[in-house]
């Protein structure tokens, strides 16, 4: 087993006096797909935002490629290859699709037109509408745009926050297919999902969060198989 | 005819002032009330460069541009960045920029005294033209041209360049911009710098145009600048130009048909009507939806 | 400038209570403030007063009127330095800044009255004078205005004097001279209508023009902060006047004159006291040529006081004085005159002596205080020729 | 001793009164610069119209002038306020500034005002009178602070939308605040005139307005003593500089600017933030049980509470909700479930009146949705919580709940001014009601904490308490259990059940399906804006369509097309080509033009993205 590309140790995040994340630890091996699952408000997004440098952790240690990045701001992390696909997609609705993709290549200075063309090949729907404001896209298309935009940045680790949110099941399937492709191309993926079942099916390793803490972790398949965990923490009482 | 030209030229001054103002106000949604102080400061610095430094105006202008940019960075750093994330950032930003403006004007008085000053005669060619029987000076033509050019150049910058994209991204969604690796603080600072350097150039041209520079020159034009921004549409660069020209023409025709005492009522009346009927301004996009 | 030091602790103490600060004895009466008696022996040049004579001056050193305040400060300090060279009487001149804010002027008058000032000079603006002078009047402290020209200031009471000629005293003479010189028949009048000084100047112009039978074909107003007058001047040009009469401060005068010439207006421009400033020629350059200025102070007068003043001022400040400096300088000299007349710096004594000033040679010419406590001295009508004021004759 | 500082003290009082006119609107979150205009109109008309002191005596003349001035100021505020009340933030500031400048120019051009030379006024005001007036104004705002009206204004400042949902008529309250500002500014104008002896229109220019605003903000706009502190501070700065011998000239304004900058940067709440704000908890809150409950008679069980017919909502061509028919009867506990983005929040936003439907009709407790303003719907008995807590962050937990009790408490402000015992009774009744609600959700101990300092779960509970305080007939909860652990969720479930026993009808959105099945009498499943199932929990749990929609397909069927290639029809897609490009994802989050400056809640990323 190689050294982890990303480690999080004892992470704590607070908003004022409110503690949203208490002592969370996890790691991702290079090329792995790791998922953090849990109900709304469990603190998953806070973890991912702290890793991405959007939030200042109150405590703990985060390393990326062996170097500490606990308090490194987001813009430096993107340059180093730690890229986030944020929750709610956060596309820039008033900018065109092309401009959104160019923003993905912000840190390269130019706009990475080669990478953008590659995205147009991969997502032809974006190429067709490249001059339209991104806000005119459908939810699923916006999610694709958000992913494509992150890919333009050339990530080594991609942090994905609820990519299936608000999408129809068929489109969720497609999003997950894209995620698996990304992972297959060697990029490490850290996936935060409410759709636990779906996420665990795709992942190598899973962490179940509850009220700001990791309450279970293990190989994804094992977690998925443990009906008690699914019932108790994933908000699903009766299922398939 | 003369009045028409007068209106256009006054209007282009308003526009020149407002373009810098609106960049920060419209794009970053921050009202920087230190902008008028930069406007005044640059005129005095420009005069000193020409008078003491013996530079030609053309050499002094780029330097003034730099001075303006530095002031912009200082303003952002001292008056706005510390307020980031505060619940009252809006009010507080107004006040901190007013405080900074007061300090800047005080420093100007210390350095240059309270008297009016002007660019030494001959620092700008005193060329005049006659257009359809109306008198036009070269300065006026330059100001109009500069306003137009700046409007076009800035519009290009905002819509076509990487920096412009970054500015718009920061304006629309700072979080998304950060996720994409944009150093939001830096883009904000650069926006302030550009805004202030435009204000600085405006100050110099203004002082040449009216042949006087005063500590209060920024304050005198401040309210009209606000009116122009609102009339033209917040953050809209062409809006600032059109708003400026509209205000200039309205004033001139007020002189002719209503009476000179009522000029300012026209400006603010126009402002008021626009705010009530079309709050987004003539060219502004309706950014915010009411629910 | 005298500084009243008091503990830093007091400064940082609660803002509401400024107790324990100030010069200790806050007596409002005629008794002295700064140790030693204020009544001395001898008279005139031989007068010797033991204590320092406390004089307060309230000037606008910052804010909109700062440029006048600064001139006045220079004039006063120059006069104070000269007076310090004389034997017998020493003055303790405290110059304070009202920030061009009437509330500060009122506060400062109050403080000077409480601190035992023998006399208060100022304030710079007429508006502030109307608001602040009554405080001194009620307390029996004489006030000498050095730049207030609005009507009614000295009517506040018998302790209020001024050495500044009102616009009413200067302007009729200006209009009469100009009418004769240029054969005026109809003129356009322009003035800033948001300033007390220029508005009262306008009223004087209007009255004088009517007296001379000159028609006002158009009246145009602007704001004191305006600097672009092209639209207004174009409007003025349309009625093809014989002259343009302007009541404005120097800040507006310079751009107005420049732009008028730029637009090809070559009729005479007639201005009031506000134009009597060397900046007019310095900043408007050639455009200022031919501008007629009615003024309280003849800057080119060759009387020995004036020559000495010009020389001393230029030596000290490397700049040419304006009317504000001349009137301020004269003001303090007149105060000295009044103190020495009775050899007393008691308030009532100064008040009485000021009222009796008559035919004193000053920078402003032979100077008297009239029965209304207003200044009485020759005014002058000047015209700009070759970059300097010359008397229009 | 005092005599020596009479002038300074008078100006402190005058400055503070003027600052109160800014405080009056800042407290409701409005930024207006029109006060200089009100003061100007008031000062001139008061001084001009009031009889001479020689005829009626100085003080009566002053009082008459004050009466005239305050009326003129208030009237001007109404005239300006009616058309501008819908403006927010900087827009309102600039519109009102335009008004003030126009007033200045008009007055300059009037004969009777004396133009630039001004209008002479006798000095009547003494330091005592000034402080008396200040005392009265401060008293007014002090008594207002803890009244129902004052709390409503603060609630509007903190979160206008939530305030509306609590039944506060925001428009009326904002106008009232504006009129108060006008009257106080009028008072200032007249007092100023009767002190300085001469007023000119320029005394009330932009600089004056800015100074008033600065005073109010520096002093602090969340505490009634703020303006006094601000004025004391700003008036003292030049005095102190003089006293310590700072040379007159440029250095003084420089230092004054520096001080101002330091205060604004380092004291976020203004000088008043140095004073602690106390929250009183009624001593007998829990002890004194029900008895005098304001009591709303709930519709009898089985009556229709909510009736939706073909209700739909589209945002820029995206159908968030389409053709929903739904009936909810009194006494039901309805769980609304569905995947993220199914349109649940949009649906409840429509039911609670926050979002007008684009099609169909809805009647809630007799109020017709779409035509009835939010506060009326709240008054009809609808109360709700929000998906992302919309608490009044800078208010204490107890105050939050007191605002919730707005509808069932009686106005107390005017009676508080007179210290009437009945006001006290009403206030303590409201306090008890609030305390009971806090008690019920288990937050009694945290009553004094600021809402923003509570933990996520406590914030959710506080929202429920606030919603309960209005004694609603229909309670809508939007993801109440989010962020709660299963013990807390179980307790919440018990609370909901007990509320239902009290006769409330409850509609709640929840992702914790277990909790929904446990708690509800009926479950409605929404997907892609449409109701796909509705029925008893047991039926729903076994409905394969629900399982498919909600939990995701069990098997990995290859999709029939691809969204990336544009070959798959995306149900969330825009149907119109000219879709509004910048439709904000969550229509409820941002309703104020210039809403910037709001502290984002910890987790503000929109969830309901269509």
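We call the chains A, B, C and D, going by the order they appear; numbering starts again at 1 in every chain.
One rule holds in what follows: a contact is a pair of C-beta atoms (placed from the backbone, for glycine too) under 8 Å apart; a residue touches a chain by one contact, two chains touch by 3 or more.
These figures come from a predicted structure and were not determined experimentally.
More contacting C-beta pairs link the chains of A-D than the other of the two pairs A-D and C-D.
Centroids of subunit B and subunit D (each the mean of its C-alpha atoms) stand 34 Å apart. Our note on geometry: subunit C versus subunit D, Cα centroid distance of 53 Å, whole angstroms. Of all residues in subunit D, those touching 2 or more other chains are 108-109, 249-250, 252-253, 582-583, 605, listed in ascending order.
Contact of a single residue of subunit B with at least two other chains is seen at positions 106, 109, 172, 175, 219, 261, 264, 285.
With touch defined as above, residues shared between interfaces to two or more other chains in subunit C number as follows: 61-62, 193.
Checking each pair of chains for touch leaves A-B, A-D, B-C, B-D, C-D. Taken in their complex, subunit B has these residues touching subunit D: 25, 29, 31, 78-79, 82-83, 85-92, 94-96, 98-103, 105-107, 109-110, 172, 175, 219, 222-223, 226-227, 230, 261-262, 264-265, 268-269, 271-272, 275-276, 279, 285, 287-291. Here subunit C touches subunit B in the complex through residues 61-62, 64, 66-67, 69-70, 193, 220-223, 225-228, 230-232, 234-235, 237, 250-251, 254-255, 258-259, 262-264, 279, 283-286, going by the rule given at the top. Subunit D contributes residues 26, 31, 83-84, 87, 89-91, 94-95, 97-99, 101-102, 105-106, 108-109, 161, 206-207, 210, 213-214, 217-218, 221, 249-254, 256-258, 260-261, 264-265, 268, 354-355, 393-394, 582-584, 587-588, 590-599, 605 to its touches with subunit B in the complex. Partner subunit C is touched in their complex by these residues of subunit B: 2-3, 6-7, 9-10, 13, 106, 109, 113-118, 121, 128, 135, 137, 206, 209-212, 214-217, 219-220, 251-252, 255-256, 259-261, 263-264. By the touch criterion stated above, subunit A contacts subunit B in their complex at residues 52-54, 73-75, 77-79, 83-86, 90-95, 99, 102-104, 106-107, 109-111, 149, 153.
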